[in-house]
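Labels for the chains are A, B and C, by order of writing; each one numbers its residues from 1.
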Amino acid sequence: MTSKKTIKSAFESMMFVWGEPLDVRVAAELFNINWKDAYDYFIELKEEYEQEGRGLQIRETNKNFQFVTNADNVEYIERLCTPVKEKRLTQQALEVLAIIAYKQPVTKGEIESIRGIKCDRVIEGLTKKDLIVEVGRSNGIGRPILYGTTDSFLRHFGFTTIKELPDIEDIAGAMNLDDLEEIVETGQLAIEF
Amino acid sequence: MTSKKTIKSAFESMMFVWGEPLDVRVAAELFNINWKDAYDYFIELKEEYEQEGRGLQIRETNKNFQFVTNADNVEYIERLCTPVKEKRLTQQALEVLAIIAYKQPVTKGEIESIRGIKCDRVIEGLTKKDLIVEVGRSNGIGRPILYGTTDSFLRHFGFTTIKELPDIEDIAGAMNLDDLEEIVETGQLAIEF
Amino acid sequence: MAYKVKLDMFEGPFDLLVYLIENSEMNIYDIQVALITKQYLEHIEKIKALDVAVATEFMVLAAVLIEIKSKMLLPRFKPEGELGFEDDPRAELVEKILEYKKFKQAAELLDRQEEYNQSIFEKPKEDLTRYTREPDEYLNLDINQFAVAFTLFLNKKKRVEEIKKNYSRVERQKLSIEDKIKQIFKFIKEKAHKKITFNELLGEDDGKYEKIVTFMSVLEMIRLRAIHVNQTITFGDITISMNEEKRRGSHDK
C-alpha cells in the first residue's frame, strides 16, 4: 500500500505534466484506491496551496483537478510577458532634450527660438517618455510653461544630479571631430537645415 | 514596496507559466529589487518544496529557476502517460562532453589527443544540441577554437553550476582503487600521480 | 555482424587499449607490452575488415605500441638504489591511458546523471498570448549619443547663423526704398503715364519684405506728392496715377 504522502506527491507531479484537468477517477485507478479517497487527497492538496497563499493553486472542475496560477499574480505575469521594444530618440528629440537639459527651466518659445523650428510634437513626445516635465510658469507675457528634465532622464544617463551633465566645452572637446564629420557624411544622424 | 510573501508567490506563478528556466535577473527587475535578494527568495522557495517532499520541485540552472517534477515520482507519471524522453547521448558524445566539461576552455586538438581519435562529427553534434559552444580562440598556432559547455548542458545533466561537477580526481581515485591496492602489494608505488 | 558489435564497443584507440589491459587483468603500471600489442593488432585486423578509415585511426597507437615493445627488448639503465621507471619506455603511454581513463569515468558519471535526469519532467511554456500586452517602449539613450546630438546642433546653429547674416545683407542691398521708387517711376513711364494699380507693381515672386518695401515706396511717393492714389473699396486694389502738375512743374524747371 502506497503511503498517503507518496500518493499526494504523485498527484502533484501528475497534474503538472498532464496540464489539462486530471480526472480523479483516472488518478485513483493508478493507485488502486477508492476514488473518494483520491478526491479527499486532491482537496487536501488544494487547501494546502490555498492556505500557504502559493503562486500555484489547484482548481477543481467537476472532479477534475489542475494546477493554475494564483489570480492575484496576473499583473506580474503580464509584466513578465510584455515584450520590451528598444526605442531610440530622433535627432530632433535629442536636440530639444539637450536644450532643456542645459537651459532649464526653459519655455517652448525659447527652445523654438534657439532651434528656429517648431517643437510642440517633440515636447509632447519627450513628456510622454517621462524625460521632461512642466516645472512651472514663466513670468513673461502669457505666462508660458517652463520645462525641465525629470529623474527618469537622470537615470537614463546614469546621473545622480543634473550637475553631472558634461560641460558644453567638454562635449565639444571630448568629441572627435573626424567622427562627427563621418557621422554627418554617412547620414547616421539626419539633420535638417 | 512589495512584500516578500507577495514576491515569492509571484515568482511561483511566473515560473509556472514560463516553463523554461526563469532568469533571476529578469524576475528581480520586475520588482525593482536586487538580484541577490531575488536569488535568496528563489532558494527559499526551492527549499520549501524540497522539505515538504512535494511532487513539484524547483530546479536551478545557473541562476535560472524552473518547476520540474520530483524524480521519485517517475514511475507514477509513466503509469499516467508516456512522456517524451530525450534520446540518450552516445558513449562517444559523453566522452567528448566529459573532456570539455572538465578541461574547458579546450581545443578540438586537445580533446583528440586525449581520446586518440578524431571528433569533428561529435563536436558538431554536441554543438547542434546546444550542449557545447565556441567560447573563443586559443592563442596557439592557428588560433584554434576553444569549446565550453552551455547552460543547456547543466540543465540536461541536472547540475546547478559547472562547479557542481564532482572532482575528477575523486572519481578517478575511487575507481582506481583496485589498481592501487595491487601496486601497494607489489611495492611498486614509487611515482606520484 | 559480430565484428560490428565489437567495433561499436570501442570509442577509440585508447578505449580498446584500456579494454585489453583490463580484460587480461594486467597491472596498468606494468603492462606486458608484447602481449597487448599482439592483441591490439588482432583487433585492428578485424576493424579493418569492416572499415578501413576507422582502422587507420587505430594505427597510430599501434605504431606507438610496437615502438615501445622494441625498446623494451633493449637493456635499460637504472641507477643503483633508485626506484621508479622514469626511463621506462611505457611511462608516457601509462600517463596517457590514465588521463583517458579519468575522462572515461567522468563520461560514465555523466551517463548516470543523464539517466537520473530523465525521470525529471519539465512542463511546456503556457500560452502567453493572454498575458501579452503592447510592448513597453524601452528607451536606448547614452550620454555619447546625447553629446553628439548636442554638438551637431551647436555646429549647425553656428552655420545657420553665418548664412543668415550674409543673406540679410544681400537682401538689404537689393531692396531699398530709393531703388523701388526709381523702379516705380520707370514702370509708370513705360505704361505711358496711364493709371496703374498697386498690384501691377508687385512681382509674382515677391515676398513679404518686397511687398512692404513697395508699399513704403508708394507712401513715400505720396508724401513727395509725386502721385495720386485712390482706393474705391476697402481692401480693394489701389490705383496710382502721376501728379501731372508736379511732373509739369518739374519739367518746367
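Just so we're on the same page, a residue touches a chain if its C-beta (ideal position, glycine included) is under 8 Å from a C-beta of that chain, and two chains touch if they have at least 3 such contacts.
Model, not experiment: these values are computed from the prediction.
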Between the pairs B-C and A-C, the one where more C-beta pairs touch: B-C
Chain whose mean Cα position lies farthest from chain C: B
Computed distance of Cα centres, chain C from chain B, in Å: 33
Whole-Å gap separating chain A and chain C, where each centre is the average of the chain's CA atoms: 26
Multi-partner residues of chain B (each touching 2 or more other chains): 16-18, 67, 69-70, 77, 83
Residues of chain C engaged with two or more neighbouring chains: 121, 123-124, 128, 131
For the chain A and chain B complex, residues of the former touching the latter: 5, 8-18, 26-27, 30-31, 53-56, 67, 69-70, 72-73, 76-77, 79-81
Complex interface listing, chain C residues touching chain B: 11-15, 27-30, 57, 60-61, 83-85, 96, 98-111, 113-126, 128, 131
Contacting residues of chain C [partner chain A, same complex]: 121, 123-124, 128, 131-143, 145-157, 159-160
Residues on chain A engaged by chain C in the complex (per definition of touch): 13, 16-17, 19, 74, 77-78, 80-89, 91, 94-95, 97-99, 102, 114-116, 129, 131, 156-158, 166, 168, 171-172, 174-175, 180, 183-184, 189, 191, 193
